[in-house]
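Mind having a look at this structure? Questions to follow.
Letters A, B, C and D mark the chains in the order given here, with residues in each chain numbered from 1 onward.
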Amino acid sequence: MIPDHLTILVVIIPMLGAYTTLLAGWVKRRFCFPIAMVTICIQFCISLMLLYQVMKTGPLHYNLGNWLPPWGIEYVIDPLNGFVLVVLLFLSLLCCMYSRRCIVDEIEEKKIVGFYTVFLLLIAGVCGIAVTGDLFNLYVFLEISSLAAYALVASGREKKAIFASFNYLIMGSVSACFILIGIGYLYIATGTLNMADLARLLPPLYGSTIIQCAFIFFIVGLSIKTALFPLHLWLPDAYSYAPSAVSALIATVMSKVGVYALIRILFTVFTPAFIIMEIPVMELFCWIAAIAIIVGSVLAITQTDLKRMLAYSSVSQMGYIILAIGIANSAAMTGGILYILSDAVMKGCLFMVAGAFIYSTGFRTIEDLKGISRTMPLTAVAFFIATASMIGLPPTVGFMSKWFIALGALESGQWFFVVIILAGSLLTAIYSWRVIEYMYFRDPDMAHQAAVAGANDPPASMLIPILVLASACILCGIFVTIPLEVIEPSVTRLLGGT
Amino acid sequence: MIETFFQSFFLRYNFYMAVIIMLIGLYAMIAKSNLIKKIIGLNIFQTAIFLFYISSSEVTGGTAPILMSDPGTVYVNPLPHVLILTAIVVAVSTTAVGLALIIRIYETYGTIEEDELLVQEEKT
Amino acid sequence: MIWEFNFALFLFLILCAIAAITVRNLLSAVVILSVYSLIMAVLWAEMNAVDVSFTEAAVGAGITTVLFIAALSRTTRRSKD
Amino acid sequence: MKQDVVIRTVCRLIVPFIQIFALYVIIHGASGAGGGFQGGVIFASSFILIGIAFGLSDARQRISEKANTLLSCTGLYLYAGIGVLCIVFGGNFLGYSFIPLPLDSAATRGLMAEIVEIGIGITVMAVMTSIFYDIAVKEDM
């Protein structure tokens, strides 16, 4: 009985968990964390079972309230969904574990109940985006998760976070409005909201202006949500002033789900036939992505604050995924979807390490971290591994995904973007090597000697997620065939149009 | 040429009006420096989109989508109405979150003008 | 549907939208926004969207205005533009 | 706050009518205009009216923050409970007609839809009231 309903349970359970957290926090504040943890654990297990089922039997369809698809809301899980869902929930699980000790310093104690409630609501929204097969439902879940993200960014003690969160709210709402207009256009043109139905009805209408308008609105709206280069202005403030656990969560989960929504709308709703043949948008994507890679890295080099540097590096990493989408052949798409995994793993690790430095020493700027590797060895090693993956050194998962993207660029004859990828790696090496040099090869300044000497590796509940992610960077690179087994069928589905 | 323009204008002037109001709202969100004005602009923007949806559901000679006993009744399309109900809920939650943030900004900085806020941010 | 009546409502709507974002006093701006929502509700009732019109009257003209005024009571009523 | 006798009397008279109307809107939702969300909002507006006319402490005596939390959770559990009940009886989530009641399919669907609307109404009422409390009152630091 239950196995048929896993699709809906993955969305319902965190919502129930959120309200249970609220009630439990009313009784005793200590109960909040275990309930949140158990909820996400259950969800993670469900997502693994879903992925297994999808790989065995093909896509799962679930009709909400037994209404048939064109009228009712349909939840669909295919290999891409299942893969993204597993990645998202894995990261959420580790972020939740990490948050327990980390937020003690950064959030007032009476807000902890609200923190975990909103945390679970965000995960509910994100899972909803991942499983839904209905455009309007996607908009609603996008708004649920965005509202939760605004609240989480502003939840800390940092003063500037409030204004950053407000800017995020304004930009996010504009993007949501654009997506809403796009959905309206599509609905007026076709009279349906179901993604599969839309893909079936759209081809005869490809020439019409309405469809092109809708497409442009979708692209602009989702570009704001994913912080594609010219529209990234809300991102650095929001990422760097949020509490560390929240930075790790939204940098991995929120941005990745935005990319997923972009892929879904580009390749499932508007089939490749439209985006490649009808309007030359893919070339535009490639160039914007190339600019994003270079400019994001250059801006990251100029930063002095560690979390801010990571935020700008997120902008540049997002460029790689968009570049892969823009090249749009099977090798590049494989690399792009693998990059969703690798960027989530390494960015999560790096933000967690930055949070651990703040937790142990209180230092935010890079120069203060001189000589920190002697007293926090494990954290420093994790930072080194994640950076190596971000640069793209061979055994790591970052290397594999960049390799596939470059392969795709070569296959389609766009050798220029291979140069861009290499240049991006070089710039990444420049800004991250500076941090590593400070951590390993410099002596601490006089003023900070006592603080650096007194620092320790963070407590186990923070260290375990960091080390798990760091080892995942290497393991996913060595055993890359395991994720590829899921990614390849999803790429054929996306590009084949079936 | 000009005649066809007028014809199409009077057929669909709802949509033209919706676009004008949308642009007013977007202008307020971008150009106004007061944060409350920005939220007001957001509200105007969102309602204009709802107007766009509702206009799309109109059917000539249709009545409200409430079940009548007469089988020959023509109803307007109820699906956009349901979508907009959901979107109104989202809009009011966004407004509430924005206002709560504005109150905390005022408590921290003592102002809700964006330019003054930016000056204060530079200082710290 | 009488299109002249609708057109007049639309003109009022645009007038209210412009007034709401230009008035200096924020309390006036919020009250004008509430009027805007009410006109919008009337317009939607005209277009046979009774459900939505009902909700807009309760939420847009009611709760949103109350929330705005509550927020103004804790911040300031003056605005520079 | 200056307490005006006209305001107080009018409020006292009008609040029960607002609440009755809100309940009517919630129950009537399935067969006409209205529904759980609108009814909940109208119900919350009655508490907001009390808060404006008599002061917030008076409103808090009638419905406190804790009651709000409890009510919002109750409403959500009611909604989700019906959904899960449908799964238990072999339908999909919110597939009302699968619940075995001694009624025909349409009547069962209507009844269950109304229970769900009541759940939504309770949640919306509690959440709207608590948003008003949070925005209107300076929290004691």
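Quick notes on this structure:
Methods note: a contact is a pair of C-beta atoms (placed from the backbone, for glycine too) under 8 Å apart; a residue touches a chain by one contact, two chains touch by 3 or more.
Just so we're clear, the structure is a prediction, and the values are computed from it rather than from any experiment.
Comparing the chain pairs B-C and A-B, the larger number of C-beta pairs in contact belongs to B-C.
We define each chain's centre as the mean of its Cα atoms; on that basis chain B and chain C are separated by 10 Å. We define each chain's centre as the mean of its Cα atoms; on that basis chain A and chain B are separated by 29 Å. Centre to centre, using the average C-alpha position, chain C and chain D are separated by 25 Å.
Distance between chain centres (mean CA atoms), chain A to chain C: 38 Å. In chain D, the residues that touch at least two other chains are 33, 35, 37, 131, 135. Shared interface positions of chain B, defined as residues touching 2 or more other chains, are 64, 66, 80, 85, 89, 96, 99-100, 102-103. Contact of a single residue of chain C with at least two other chains is seen at positions 50-51, 55, 59, 63, 67, 70-71, 74. The complete set of chain-chain contacts reads A-B, A-D, B-C, B-D, C-D. Interface residues of chain B, counted against chain C in their complex, comprise 10, 13-14, 17, 20-21, 24-25, 27-28, 32-34, 36-37, 39-41, 43-44, 47, 50-51, 54-55, 57-58, 62-66, 76, 78, 80-82, 84-85, 88-89, 92, 95-96, 99-100, 102-103, 106, 112-113.
Looking at the complex, you find that chain C touches chain D at residues 50-51, 54-55, 58-59, 62-63, 66-67, 70-71, 73-74. By the touch criterion stated above, chain B contacts chain A in their complex at residues 26, 29, 35, 38, 42, 45-46, 49, 52-53, 56, 79-80, 83, 86-87, 90, 93-94, 97-98, 101-102, 104-105, 108-109, 117, 121, 124.
Those residues of chain D lying in contact with chain B across their complex are 31-33, 35, 37, 131, 134-135. Every residue of chain A that touches chain B in the complex is listed here, in rising order: 136, 139-140, 143, 147, 150-151, 154, 159-160, 162-163, 165-166, 169-170, 173-174, 176-177, 180-181, 184, 187-188.
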